[in-house]
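Chain lettering (A, B, C and D) follows the sequence in which the chains are written, and residue indices restart at 1 in each chain.
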Amino acid sequence: MNELRVGIVGVGVMGADHAERIVRKTAGARLVAVSDPDLARAEDLGSRLDARVVADPLELIASNEVDAVILASPGFAHAEQLFACLEHGKPVLCEKPLTTDSTSSLEVVRQEAALGTPLIQVGFMRRFDPEYQQLKALIDGGELGQPLVMHCAHRNPTVPPGFDSAMVIKDSLVHEVDVTRFLLGEEIASVQIIKPMSNRDAPRGLQDPQIAIFQTVSGRHVDVEVFVTTGVAYEVRTEVVGELGSATIGLDIGLVRKSAPGTWGGRITPGFRERFGTAYDIEIQRWVDAVRSGVNVDGPTAWDGYAAAAVCEAGVRSLETGERVDVELAERVGTR
Amino acid sequence: MNELRVGIVGVGVMGADHAERIVRKTAGARLVAVSDPDLARAEDLGSRLDARVVADPLELIASNEVDAVILASPGFAHAEQLFACLEHGKPVLCEKPLTTDSTSSLEVVRQEAALGTPLIQVGFMRRFDPEYQQLKALIDGGELGQPLVMHCAHRNPTVPPGFDSAMVIKDSLVHEVDVTRFLLGEEIASVQIIKPMSNRDAPRGLQDPQIAIFQTVSGRHVDVEVFVTTGVAYEVRTEVVGELGSATIGLDIGLVRKSAPGTWGGRITPGFRERFGTAYDIEIQRWVDAVRSGVNVDGPTAWDGYAAAAVCEAGVRSLETGERVDVELAERVGTR
Amino acid sequence: MNELRVGIVGVGVMGADHAERIVRKTAGARLVAVSDPDLARAEDLGSRLDARVVADPLELIASNEVDAVILASPGFAHAEQLFACLEHGKPVLCEKPLTTDSTSSLEVVRQEAALGTPLIQVGFMRRFDPEYQQLKALIDGGELGQPLVMHCAHRNPTVPPGFDSAMVIKDSLVHEVDVTRFLLGEEIASVQIIKPMSNRDAPRGLQDPQIAIFQTVSGRHVDVEVFVTTGVAYEVRTEVVGELGSATIGLDIGLVRKSAPGTWGGRITPGFRERFGTAYDIEIQRWVDAVRSGVNVDGPTAWDGYAAAAVCEAGVRSLETGERVDVELAERVGTR
Amino acid sequence: MNELRVGIVGVGVMGADHAERIVRKTAGARLVAVSDPDLARAEDLGSRLDARVVADPLELIASNEVDAVILASPGFAHAEQLFACLEHGKPVLCEKPLTTDSTSSLEVVRQEAALGTPLIQVGFMRRFDPEYQQLKALIDGGELGQPLVMHCAHRNPTVPPGFDSAMVIKDSLVHEVDVTRFLLGEEIASVQIIKPMSNRDAPRGLQDPQIAIFQTVSGRHVDVEVFVTTGVAYEVRTEVVGELGSATIGLDIGLVRKSAPGTWGGRITPGFRERFGTAYDIEIQRWVDAVRSGVNVDGPTAWDGYAAAAVCEAGVRSLETGERVDVELAERVGTR
């Protein structure tokens, strides 16, 4: 297939990020159209990223020039836009929530099912996070044994104005809902929300923190602390306790595992590709950018290569002689 | 400028990785040509990534269809290929080493300087690694005070056949040479190689581990343990000790800093974009791939969105009532 | 006051430990009497530690030779023995539980109160643990702000035969009950026990793990995972989440604190007395033991002192000359 | 043998600590005499700890009332005092250094050897530190394979006035000298001191940091950073790199080990005695002190025992019913 022509509906923080992502980091895709009720915002982005601005989101979805759609519009707009995607047979990546209530969500599910072909993906991005992937692999590989209990914490330093107690559930806890279903591979059977003493620094009327207790269909226990006004940082932590050991992610030190007979620890990055893969990615991208802009170099220069060679030669002489060897560098050439 | 047309000389492990990187992850660049003495290897890669195969590397460098060159050929071939790049005015990203000796490296530096325009970048990729970047920022921001001492370790589990004692210096230690120059911002004045008791599991004739002692021009001390047959994992560690504190990277737990009055620790990932940026990148790429291949969905489905909505609704009811609320899900629709 | 003459009732694992503790590590106290239904066990310990064996625990408590009592008998025996201590005005350190039910416990409290002088201390030893002390100090010093939520985990690798579901609460959870009351400084208002899917490796009939939810009088939330058949190790963890940050103990890496603006970490041991205090204690005790046994030395010898002096002298010469200096040692004297 | 009657020569910081240690924490020993050139200091300590003050250290050593001696006098006084101990056949624990130069140290070794019975132990206390013990056990158990390289760091926040460059070696580095000999079990063959750029906050004339390079007799490499004016904290770190893996102590997170196939981590405290042994020690000592002083209780009270019983009873009811159960406490009795 040719390059995928992507249209984005809603270019606030999330949608604009995705637009950059399509343009800067994604192979096989091209950003062709954006739509946003804030027309100025859409035009600014469109001109910067060379995408057409379409005022009406349904027109964008219907457009022949758009192969697939990213929905980053507010949740209340999703249902209508999703139905439009289904109608026009457009694959769509829909930021969470699918819709704002389960009744309309179920209707979306049914209409998609009636089409007989999957078109809708939901933006629960944690499933793609390397730490969650590692945790999932541990569970599925049986290394923790049967999982019995899961502890989660979801902390934000602050929330935007107007964030209310129900949004703690629908906007924050919803991620842990999906993490639970993803990691344990089964549905949640019941929910209980506990309201502890509330943070005095939380906006008036906001119950924060909240504790959620899930029981899964097979009887596993999950507890979640959601605390969105900690003032500290963005912290997301998950611990799975199984019959053979436990593992925690989100402690800022990678996946930490506890196993019989009483050891704790993690994996060392296995090789240079894993350890420095991101560095290579950045190196190449910045070099490409530098060449395209005419600067040509944005990193170590030929002089750096020369200096390294001179030091290594001195090193090899020291290896042979056992003595300390002075490094003789030529007069500096150029100014960089 | 239009998309940068990139040619790659040498498509072994490193060159093939870079080819994938250009094609899959790099914005603004296109892979147009590859060259390798192993023609079958070149053709295999070329046909897979849709790049022309040019048998003669110098012809690739000279080609009008190639705007810029990545050199991933063996070090001994670099000098001639670099001179060709300079001759044709082609920007080049040259994997380390620049050349295999300091005399030819200096000649490269001089010829580039004579051109009056920078064309050569050297592939010391660690400068782009987020942990090294953080460490550099700490130093340059003065947060460690004047750096006085640096301790490095560079450990590989194994080395390929034929790896000899001088290669420990030229292939492995060379990275620490550049790290030293990068982090401390000055040249290395002397080198001493210490040969401790050698690993009995190292290939015969290979002195391993080796200890390198650098003194910088301003008198700072750097020591490096290079140990390339540990059997454990790929470990690269750097600790900078300054007048106001110290910081270490490569402990598998992020940058760890020690500061007055006696605390140790690191930074929590500040926000969701930093924490889950990679997850979003992967999500979008995999979704684009899924749509292009006709599968349309490679991640959470509409049902996942529906189930999350149903759980959140139960959560909001529990928030209001204080009671545990059962989650009522519709009959499963579809099979995914 | 002269040395305290201590009698111990019950010399199973715990009581025997305390007996050793009194004899080996406790200043100002002397073990004078022990009592145990297993007379052989009592006599063995008594002869080893030079303490009189008293068959009847009430006689031990009443004895004029006993100033104070440690109760390490089974919980069901505590009530009668505590009343005896109160009757005879004997200070008593009573291992938990105080008694096996709250009615008799309250009666003990009332009788002690009627005496007008405190006599009874309960063995909730975690209050004396340095990590709990640090956590308590953080809370009381206001460094975490108002505590809002607390998460605890209490894990044992295995339990003895006969350990049942109620014992999970009375023997294990009881520690977290006290930790909650100690750290938060208030009573617990309600308890809920959640029974998740149970470990298949747990003895038949034992519900394990169990999740306890406490609400304190002022509305704080505490959750506790008690899992006594993990097969892994003994793990006890407490995290306190407050309005200004959070802190966790029991992660095997000391107290770890998270604070604004987004840092995590701990304290470095401040000085050599803290870092090596235990080493000094052990050194002195082992030296005293060695001298008493006629061996005289159980640690570094005079030769070790000489060799260190020789190396340091070489070091000082190297400091002066900048050269490597060989260490010349005399012929080894003696065989140690 | 009866209680060991100990005399201490020199009751500055270290000697006074040891005096307290003998009195408060050491079984089988009694402090009987102290001596110090600062008579007021000696008398203060002597009256507080009920020990006789002897003005002349040689008289203390000779005294029939003293079975064994701790030398905590300045290093320059050790030789004479050690010879006196040998003459009178008194076992002696001598704080490091044995003497201030290797010639006199060797003479001490020879005179002790001539007696045919060991009398002298040197105060290298790190050999008794639990982390060094664990590291030693790993090495001796072969779990790291043959040790090849060792990296040490020894950092002090500050040093007392008058601390000079040679004292960095004799007072600080000397510990790493002994650690090297202890862990590797062989002598040091050569020493090299490297003087990097010095800390501007160090006292004038003090070379700080210093780097020491040891080569052992069998060819192992040890490097040590000694940095005594860091301003941060007291940090002592040792890493041993062996043929099968490496292990580090002193990172504030216990012993951390790296092993094939690429894992890092430590041991979880295995059981409650290890985890809470110190807590029990403190509990018992503080209870004994409280009873001796007439306060009787210095820890959890009977009320705490009652409250715990009431919570556990509610917990058992919740276990049975699955419901949340309120805790009913009696009216508070007493004021504690």
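What we mean here is this: contacts are C-beta pairs under 8 Å (C-beta built on N, C-alpha and C of every residue); 3 or more make two chains touch, one makes a residue touch a chain.
These numbers come from a predicted model, not from an experiment.
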Query - Label of the chain whose CA centroid is most distant from the centroid of chain C - result: B
Query raised in the report: So which has more C-beta pairs touching, A-D or A-B?
Result: A-B
Query - Approximate Å spacing (C-alpha centroids) for the pair chain B, chain D - result: 44
Report task. Give, as an integer number of Å, the spacing between the C-alpha centres of chain B and chain A. Result -> 21
Query raised in the report: If you average the CA atoms of chain A and of chain D, how far apart do the two points sit, in angstrom?
Result: 48
Query raised in the report: Which residue numbers or ranges of chain A touch two or more of the other chains?
Result: 213, 232-233, 235, 252, 258, 262, 264, 266-268, 270
**Report entry** Interfacial residue positions of chain D with respect to chain B in the complex
**Finding:** 146, 148-149, 151, 153, 157, 194, 196-201, 209, 211, 213, 215, 218-221, 223, 225, 227, 230-233, 235, 241, 243-246, 251-252, 258-262, 264
Query raised in the report: Tell me, which parts of chain D touch chain A in their complex?
Result: 256-258, 262-268, 270
